[in-house]
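One structure is given below, encoded as structure tokens.
Order of writing sets the labels: A, B and C. Residues in every chain begin at 1.
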Amino acid sequence: MIEECALGQDVIVYHPDLVNLYDCAIGAGSSVGPFVEIQRGAVVGANCKICSHAFICGGVTIGDRVFVGHNVTFTNDLYPIVTGQYLLRQTIIENDVSIGSGATLLPVHVGQGAIIGAGAVVTRDVPAWAVIVGNPARVVRQFSGREEWERFAQSQPSATVSG
Amino acid sequence: MIEECALGQDVIVYHPDLVNLYDCAIGAGSSVGPFVEIQRGAVVGANCKICSHAFICGGVTIGDRVFVGHNVTFTNDLYPIVTGQYLLRQTIIENDVSIGSGATLLPVHVGQGAIIGAGAVVTRDVPAWAVIVGNPARVVRQFSGREEWERFAQSQPSATVSG
Amino acid sequence: MIEECALGQDVIVYHPDLVNLYDCAIGAGSSVGPFVEIQRGAVVGANCKICSHAFICGGVTIGDRVFVGHNVTFTNDLYPIVTGQYLLRQTIIENDVSIGSGATLLPVHVGQGAIIGAGAVVTRDVPAWAVIVGNPARVVRQFSGREEWERFAQSQPSATVSG
């Protein structure tokens, strides 16, 4: 269900009955897959793709053109205790970041254009245009910016090109 | 849907239409988020928090005041084969344990008050009041008990304090 | 919901209202748990078990008698960018493979009878009858074939035997 959300123009929620979005903001042109929860206070920018099974909690702010893969999990509390207070920590995802499916993020800052590998567990801030993988995730490659990264991505062998 | 479950007093299931709970027991005061499956024979204690996307299978017994983060996955079979018998193994989670979001647990015993890091893959028993992280998860810190652990957690820097 | 799928005889979808299956094929005798998405173009063989929270994308072809654990995530794009083209990569899972819960797979070829550990992140092709675990996943054991693997699995200690 979708409750009390600020949805920008042309936001697509493929299966409104199979999501739980409440008191959050989603920017124009973004899409949201099934089995996604986006909690109170979370902010998603414009033209993002939020894939199935992703979980975005309060305290998370996501920029524009961010890819949030399937089954990506954000957090906002380093030491969860059921009883008593908890300390809400912020996560910032800058524009053009790609978060691979199955990744888990502690409350961190992720710089513009960073690429987080599938299944990575991100425990520290990520520099812009860095590629990080593993658990805990470490930088394995550093691009100078968008051009170098797109050139690299498109040079990889592949059987098919899709739209 | 919720079928044939023994729910204690004041159990909260935020979205009954978006869960699959059957033939399980959940203790008083516990809460269950959306996209959660809890299977036949699983036992959840009192005042637990079962977050969205968690999966709790038969063979899992969870104590009181346990935090089960988002997207936590339990298992009950080390060598799953589609055809033929399988060997059900038990998991025991003692009181006051915190299981970070995105963690995966093999069938193990987790001692009281242990803290399992986000994204950890737990392959061995966990001592009481230990902190474990990684894949496979290893102990990175050992508290003497609740007091030391709460003092530590509350001493960490944070932007906001929430209720 | 189930849309435009080719379902073989006796396919069981436990909760049709809690899945998102579209334009995919699922072979006879297979079962699908809740909170599962199987996308356009994905192919699942006969007598498979697709557990709750699994995500199977287009480009994935799964053989017969494959166990896909809870919360298993496939991928089909190594360098996802929200804007522009993407390069669809294929994943092939041969017969009799077991994929442990919480595993994440990059687009790879997995040989017959391979066993992928719970929480593994699979970044490279997997030989037949190999056991791989970790992030990135590495081979930790190599069986000669089905007989050796079943003998090993059944020799492991366990409290209970289930059907």
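What we mean here is this: a contact is a pair of C-beta atoms (placed from the backbone, for glycine too) under 8 Å apart; a residue touches a chain by one contact, two chains touch by 3 or more.
Everything numeric here is computed off the predicted structure, so don't read it as measured data.
K.L.:
Between chain A and chain B, how many degrees of rotation does a Cα superposition need? Round to steps of 5.
P.N.:
The rotation relating chain A to chain B comes to 120 degrees.
K.L.:
Since chain A and chain C are copies that touch, is their contact same (over half of the numbers shared) or different (under half)?
P.N.:
Result for this pair: different.
K.L.:
What whole-Å value do you get for the distance between chain A and chain C if each is reduced to the mean of its CA atoms?
P.N.:
Here the centre of chain C sits 24 Å away from the centre of chain A.
K.L.:
Specify, in ascending order, the residues of chain C that touch 2 or more different other chains.
P.N.:
18, 35, 53, 71, 121, 135
K.L.:
State the interface residues of chain A toward chain B in the complex, per the touch definition above.
P.N.:
The contact residues of chain A facing chain B are 1, 18, 20, 35, 37, 53, 55, 57, 59, 71, 73-75, 78-83, 85-90, 104, 106, 121, 135-136.
K.L.:
If you look only at chain C, which of its residues touch chain B in the complex?
P.N.:
14-15, 18, 33-35, 47-49, 52-53, 65-67, 69-71, 96, 98, 100-102, 115, 118-121, 133-135, 150, 152-154, 156, 158-163
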